[in-house]
């Protein structure tokens, strides 16, 4: 079968698996510890489900949610109301609660398309408060402050015993963990992390940011609804004072202490925060003060949570297994598609920033298979051009045509999918995922599998994943980073990050590659290496649009050059023509300093 | 209707007072102090202790309260913001730490002052006065006027003085600000202390309206953030307008639905405002440069 | 004027600067050249107090400033133009200069005089005085950064890669400007990758390699050293 069957675990990884099995055995043996403890364990399972869901949206996708208790309440009350008012069984209530919470999650997610960070925190707090008030005030539906009493779970006409309920919850919880793990280890999970680490770069990788953010909110809401419904049937009574803002804070704290963005985080956090406090009862009225202080100490002392700290201490835990042979071809050949001669055309494009013309009436034609360079003084509008071509900025006037298709009014991710990839002037890697995963994010647009394939690990999904991984290793080898594959991308030096960006851009299998000052900050050896890589890319028929200040480098590798000055085209031609152009020398190159200036 | 408008303006002023203090911290550190509501609550508690319980004259009590709360705000800075260094950004660390501080403050207040809300005398007595045919408490007028004065003060300080310039510079970069010979640390501390002083004043102004208790600012605090964001964070004009707008809309909505929905309505307004215009009424939208 | 004795500087666990010593005398232009990552910026940050050395001393006019906070060092008469220009992007050009002159803010005539002087030196800044600095071009921002540093009447001006990321024509401009400032009596410590240009205007130079001073001497000596020629100056492809 695939690579994952042959996978060998190193010592540290084996240790974690053993630990995980021990925790599982502990849970399996739960009923032996008596009725009170069993209830506590059941509650822990419910919290594990909701925090795993919260981890998707807050930990992986980086969207803070302080309103999770609201979604949890929606699940709980949907289950409760259906069971009491419509006399429905647990087995109908459960999917209904997940669906209703999911729809609410979708609605909550809509503002996130516009806001993030503390704005989002406030929006989600608001959602929590609104739900809380509705529960109290909408008496006919919710029973108001008095709450609702709910019947027990039945199976085959018989109510389940406490122990049976517990094992049912355990099965549901394990299933949830497995499915979520599958999604997080797939392109979807990587897309979430990419959005968290760098939204603009993620968009330029062909990731539909809005779609994925909403997906993260819906997934986490569905799990909150599931957990809420389980809670209703566990406690057989629900009332509004369970679902407060403080509970939302508690859920977020759980994943922060455990470690956001790791599967183990919610597990560690839940074990610590649900079961440990039982032993702190002696603190009585000081308990909440200790809890508040703990919050402060933990976020300061363990910024990445417990699992994050462990990973940073023992990096071998997340080591990628390097394949014995790297055979795949790093760059996909684009030469066959060379029927038409022009690839990219800009027609009279103008872009203004608050009255200032960054680009004025600019026209440009880039030929297929060529290396075309843009040079000019800082502020001449070079980066603005790249941002217009990739859809980060919308032009005020004019058209951009790529491969015969007008692209000036399409979203960046669609432009990326159409075959334009880029690197950034100031490097924009996805810092908190591995170097290898960075490149795999680049391959995002090439997948044909869907969420179903990833969730249930279908053959198609696994095949595509294997292919992506092989291609990513080949690209890493090409840019000389194969020994850093498992490290977080932000631990690379600036120069290495530049090469990583190029590899990531190539993973998108583009027709046009935009390089925005790829040589900035590189030393001479690295620049020579870069030139060599660009030659390779060109030989595969990929067109390159290059912005660069290192003039000798530009003159050496370009087929044609366009010089910009003050947002306008100053000159255009072959390197030879440009070097001799009097206007260019005056505005940009400077007299008799041409060679030295690099 | 007029009565609703009037009570909306008073509550709005209080939201604005909180928003102004939240703003001043935001302007220099780029963070939102989620414990600000609780600091206002502490202000009310100290004022109660100094003025009502100990019988210290009002003005002296006010000054003592301001000093005490300013010290609390500075301690808060050292415990929950400073440890995260100079680059705060959108990290969750300070958010959780300030939320945690809020929990600590509330529960300490419960231990020390008890959970029972206590009355606090309004400024200017409880005789109603008539202005343009509307009956008002003198206290309500004080609330409006003091809020307006503080908003104007900040507008001038932030917009026109070298201190305001330095505050803006600190939010861009601590190290570059130091290279100008300005102690960025002192600037940040000044801002936290100022936010503490306004919190103390806000505490005294709210107390007669809400009564003094550990939970008195539980939702008012959150609405203060809402007001700041509706107006555009970091902007004193916006904080003032945002606070008033939120208060008035809330009060007008109250004439249509039952009072239990008050907070729900306020937060709904806030969410809609943030979603439609995240940069705020007075904020400027800009395209992010890559 | 400035004497650095055997400093060591670390970022976390990694020692970036190892036993570095150098000096700058009154009226000189001294340049430190070296490849990317050699530790040039770290040295500059240490001299200005933004980083603290783990060992060694930094004497400025005889006073050890190795443990002095950055804002106090500026007061002693040492100003820096940081790497990447770092003008305050949301302040206007004028407000940037005001902040640069924060230390002399009480002396109004002096402040006015300095502003006039900077406008004379960089006429473009006067033209754009009301414009927000973030909208200036790279070259203009560099001029503003230098002017801002000069506002506090520094005795010693530190320039960290003033030419980085600038178009070739601006590079020449900036070096001319540095020379002018030197002629007007400011002592200058310069860190540069463009060794060729920098050495032309320098009196003395040091070569930094992987955190150590590999070579030191007059600019002419350094320019003619065969190893320097090979690694930093001509005869290279890019």
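Every chain is named by a letter (A, B and C) in the order it is written, and numbering of its residues begins at 1.
One rule holds for everything that comes next: contacts are C-beta pairs under 8 Å (C-beta built on N, C-alpha and C of every residue); 3 or more make two chains touch, one makes a residue touch a chain.
Because the structure is a prediction, the values reported are computed rather than measured.
> Select the category (line, ring, star, complete, other) that matches the graph of chains linked by touching.
complete
> Using only alpha carbons, which chain's centroid is the nearest to the whole structure's centroid?
If we average C-alpha coordinates per chain, A lands closest to the whole-structure average.
> For the interfaces B-C and A-B, which has the higher count of C-beta pairs in contact?
Between A-B and B-C, contacts are more numerous in A-B.
> Determine the centre-to-centre distance between chain A and chain C, using the mean Cα coordinates as centres, and give it in whole Å.
Comparing mean C-alpha positions, chain C is 40 Å from chain A.
> Could you please state the distance in Å, as a whole number, between where the Cα atoms of chain B are centred and where those of chain C are centred?
So the centre of chain B lies 43 Å away from the centre of chain C.
> For chain A versus chain B, what separation do you get between their C-alpha means, in angstrom?
35
> Going through chain A residue by residue, note those that touch at least 2 other chains and give them in order.
Each of 353 in chain A touches at least two other chains.
> By residue number and range, which residues of chain B touch two or more other chains?
Counting only residues that touch two or more other chains, chain B contributes none.
> Within the complex, which stretch of chain C touches chain A?
Per the touch definition, chain C meets chain A at residues 35-37, 135-140, 165-172, 194, 196-197, 236-238.
> List the residues on chain B that touch chain C in their complex, please.
Against chain C, chain B makes touches at 162, 165-166, 168-169, 172-173, 175-184.
> Under the definition above, what is the set of chain B residues touching chain A in their complex?
The touching residues are 31-32, 79-80, 83-84, 90-97, 99-104, 106-108, 110-111, 219, 222, 225-226, 229, 258, 260-261, 263-264, 267-268, 270-271, 274-275, 278, 287-288, 290.
> Please name which positions on chain A make contact with chain B in the complex.
58, 64, 110-111, 114-119, 121-123, 125-127, 129-130, 133-134, 136-137, 200, 246, 249, 252-253, 256, 260, 285-286, 288-289, 291-296, 299-300, 303, 353, 383, 387, 392-393, 424-426, 428
> In their complex, what parts of chain C are in touch with chain B?
Within the complex, chain C touches chain B at residues 45, 48-50, 69-71, 74-75, 79-80, 82, 86, 88-91, 95, 98-100, 102-103, 105, 148-149, 152.
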